[in-house]
Amino acid sequence: MTAVGFVGLGIMGSPMAGHLVAAGHQVTGFDLATEAVRKLAQTGGRTAGSVAEAVDGAEVVITMLPADPQVEQVVLGEGGVLEAAKPGTLVIDMSTIRPETSQAVARAATERGLRALDAPVSGGETGARQASLSIMVGGAEADFAQARPLLEALGKTIVHVGPAGAGQVVKAANQLVVGGIYALVSEAIVLLEAAGVDPGPGLDVLAGGLAANRILDLKRESMIARQFQPGFRIDLHHKDMGIVLAAARQAEVALPVSALIAQLIAAGRAMGYGSLDHSALLRVVEQLSGRPA
Amino acid sequence: MTAVGFVGLGIMGSPMAGHLVAAGHQVTGFDLATEAVRKLAQTGGRTAGSVAEAVDGAEVVITMLPADPQVEQVVLGEGGVLEAAKPGTLVIDMSTIRPETSQAVARAATERGLRALDAPVSGGETGARQASLSIMVGGAEADFAQARPLLEALGKTIVHVGPAGAGQVVKAANQLVVGGIYALVSEAIVLLEAAGVDPGPGLDVLAGGLAANRILDLKRESMIARQFQPGFRIDLHHKDMGIVLAAARQAEVALPVSALIAQLIAAGRAMGYGSLDHSALLRVVEQLSGRPA
Amino acid sequence: MTAVGFVGLGIMGSPMAGHLVAAGHQVTGFDLATEAVRKLAQTGGRTAGSVAEAVDGAEVVITMLPADPQVEQVVLGEGGVLEAAKPGTLVIDMSTIRPETSQAVARAATERGLRALDAPVSGGETGARQASLSIMVGGAEADFAQARPLLEALGKTIVHVGPAGAGQVVKAANQLVVGGIYALVSEAIVLLEAAGVDPGPGLDVLAGGLAANRILDLKRESMIARQFQPGFRIDLHHKDMGIVLAAARQAEVALPVSALIAQLIAAGRAMGYGSLDHSALLRVVEQLSGRPA
Amino acid sequence: MTAVGFVGLGIMGSPMAGHLVAAGHQVTGFDLATEAVRKLAQTGGRTAGSVAEAVDGAEVVITMLPADPQVEQVVLGEGGVLEAAKPGTLVIDMSTIRPETSQAVARAATERGLRALDAPVSGGETGARQASLSIMVGGAEADFAQARPLLEALGKTIVHVGPAGAGQVVKAANQLVVGGIYALVSEAIVLLEAAGVDPGPGLDVLAGGLAANRILDLKRESMIARQFQPGFRIDLHHKDMGIVLAAARQAEVALPVSALIAQLIAAGRAMGYGSLDHSALLRVVEQLSGRPA
């Protein structure tokens, strides 16, 4: 049993904290939304009235926050996790943020005698509920070893991918490939339909050859039917493409395809599709070809 | 048993014609390269000294040619297949060409009392040798029904995808997705490596989630190791991206991602990688990031 | 005085032929549209009932045709200019077509003992009417010297830019820069407006510095006011971007920005703006940002 | 005569502060580089040992800093300009930064009873030395009116373009157009040269028509000759394209061409050309076409 402080009980964090309680850990949770904290209490968790209270006495602190500013405030800021945690505490930030922010967290943790891992996830709300997330972990090997049993209560694929920030870089790589494949499948569908070809049998052929990919497997029927219930919202993928380009800038690489994809996803959001599933990138590609919904 | 005229006995056509002979058909082959014709004879095929001779007496004519100009000459040109074939002959062009050329072939065939299918393939030289090609067929349903037993000697996935030209459109859609995924995986690898992350475990995570795709399965190890033996040459993918953009122009759609991919593949060829496998697109992405081979 | 055969009396060719008549040349014109031929007669030109008749007895033949297929038919085809012209005739093709087609014309002309120049123009309908066209000429120096006095009746800037096809390459370079600047100015306007900045003073600053360009000078007011009367239609620029990419493919270069611009212009056409001025590219950029007309 | 505090005496700030001294103002300057401060003293300015000292007693404070982090520290941070300035002081930040940072400065200034303008410049080191800068000003009309006499000592074109942040948005629009035109001219040169056309006469034609632009006027000879002495370094343009994309993200617009240009400029930096003039974007385009330096 581990004493865990858990900050950030949103759509993702709430079921994750619940899995840790179910696994027998002593979880003390905090969120600005009191309803979320109450929900944790109902599952057997303890509740805290502040970040500092959640962190107090914890051996491990897990944070699951929306974006960089929240991590900067909750983890790095005044009265935040690093200030409140006792020496030796392991801080696992599972938020998807910029690698440079994760590295800043790691440096600040070390300066205060703490240890930090970045451990962003993929698999979305379903993965969080079913404890089937993929978890990409950056940080020291020994810290990863300590974290692993906890993370195994949350996901199925748990991989240590490198030093501080590496988890975020792998998550960024994942999101650029996922966003890009949605764009490619969208262009394929628009080309097929505009040429008078039934996209169903056409995509069946693609799914049977070198073009095969999971998005084609899971989403080609819903995309052809224009069903775009999330899933993973375009707004979130837009945030993630910002991270991809920030990671590229930090690594001093040029990613022309990713940059173009990022603009198409930004277009999806600007066109009003931000709350739809990211497969709604098809809507952007359609409109570019004068084929409105 | 069907009397088949086969024109184009190159790397693809030669094993394909051999499979038809092995399946018990009477195959009369022609190619400008006499060595290729001799090889067919050794496997039990008949040889012809001209297109007209190969077509003479055939119930079905199959053509497997490099590109649009050859189809225009061999099928549509003077002394070509359509001129030489007897009324009622079924012409199956298995070359990868522009949809509009396939449609011109179909129209010209109809005018002469012949029937035509476009039936481009994917699966490459290996697929041709192992009779495991995917075959995308455009044309009339009845003609497809007649062709199917022959095509089953050549491939495993044989799908009727629509009217004349539809086979080419589906092939184009396939090539845009394949080329695009190579570019995305390349950008992912360059980002990971430049950020100091070992790409092996990183791509393993991607391969286990929504980013999963066959290229990642088959090629991530060889790409990380910079092994680019073909496979399918960049020169050929460059030709195919020309078809993708011609198909888009004909269908009056805008495909920005495909257009950018086409330029990166053109860059690969211009940089001298035309004879390498298309996974060598990684070389282009590397050089754009100042990370030369 | 020169005996000139003139084939192609459309929006551009009609005033151009008129200028040659006015300059004292004996112009025999042909067009499939008989009304256009009659109009030439009214200005003092002679009329022909066929290409061959227009070419008969001409020292110089000028062609001004819509696109590659028309040049292939009218110049290279059966009963076309090259077949009908007497040895030594100078053929000046002023159509905007692919460099490779111009080179094919030049080669075919040489084979028949004729001489050919490619001489595409910029300046549009207004330039044709006002005899103020820019004319980019590819071909032999001596042939250019012979053509120059005639061309001086049609334009103000007449430049010999290189061997056969070079005129088309320069025209392609021109069109890629023009299309690209329209896209850039469009993105600038959308950014300014979406950020709540009055684009008028903003673009005034741009027009006074390193960003200064003729499109900003001539079109920023009409673009901000969304006035898109042609001018030069998006449909025509779409055709020209096809030439740009064909020229790039022939020259084995990769032009990523041009390729993306080509798709945005294709989008303009697909969205129904083909008959508007090319400055209507702004409409495409607006819609991508969810800011419909 | 105005009492001016001036923070940031680099390549740009140093001559600018000198012009204000020459115009009769009492200028107190500070920079971390003591040599820069000493130089100001030699021209008749006063020197300060800290930001607070430079601001002390100033009616107007001008800051000219490299990027967002420096503005966040020097203007917004502890002991910074806003903390040290007396109520009513006008703070003119002439740095090129993100619009959202300028807006944060303006809000923070208002909260402290101060007033702020964002006033980024274009024209580079030469413009700073010759007092010929273009200055794009965002903020309140009355504050602009007060600032104008000072700014007139620094530049020739001084335009109030809108509320807080508007100056930065216009600067961003300027940089996207400038960067884009460099890319377009680079693609034109590579196409011409690869097609065997002398780029000199070719670009002369472009410079005489609708494609005309100041970059073509000023830089086509040096670009053709591959002379890339700065001028304005690629590293700086890379920084500015980061601002362009941040401004686009804030304004919720999609700018595909700008995003691609940003990656090409990032490639220039990654390839080692960061210290060359931004016209060295030609090197990137060349290498993409396999035409190395």
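Some observations on this one:
Letters A, B, C and D name the chains as they come in the text, with residue numbers starting at 1 for each one.
To be clear about the criterion, a contact is a pair of C-beta atoms (placed from the backbone, for glycine too) under 8 Å apart; a residue touches a chain by one contact, two chains touch by 3 or more.
Everything numeric here is computed off the predicted structure, so don't read it as measured data.
Of all residue numbers seen at the chain C-chain D contact, over half occur in both copies; the interface is built from largely matching residues. Averaging Cα atoms per chain gives one point for each, and the point farthest from that of chain D is the centre of B. Once the centre of each chain is set as its mean CA position, chain A and chain C turn out to be 51 Å apart. Centroids of chain C and chain D (each the mean of its C-alpha atoms) stand 39 Å apart.
If you average the CA atoms of chain B and of chain C, the two centres end up 36 Å from each other. The set of chain B residues touching two or more other chains comprises 248, 252-256, 260, 263-264, 267, 269-270, 288-291. A complete topology is adopted by the chain contact network, contact being made between every pair of chains. Listed in rising order, the residues of chain B touching chain C in the complex are 242, 245, 248-249, 252-256, 259-260, 262-264, 266-267, 269-270.
Within the complex formed with chain C, the residues of chain D that make contact are 99, 122-123, 134, 136, 157, 159-163, 165-166, 169-170, 172-174, 176-178, 180-181, 183-185, 187-188, 190-192, 194-198, 201-206, 208-215, 218, 244, 247-248, 250-258, 260-261, 264, 285, 288-291. Touching chain D in their complex are the following residues of chain B: 256, 260, 263, 267, 269-272, 284, 287-291.
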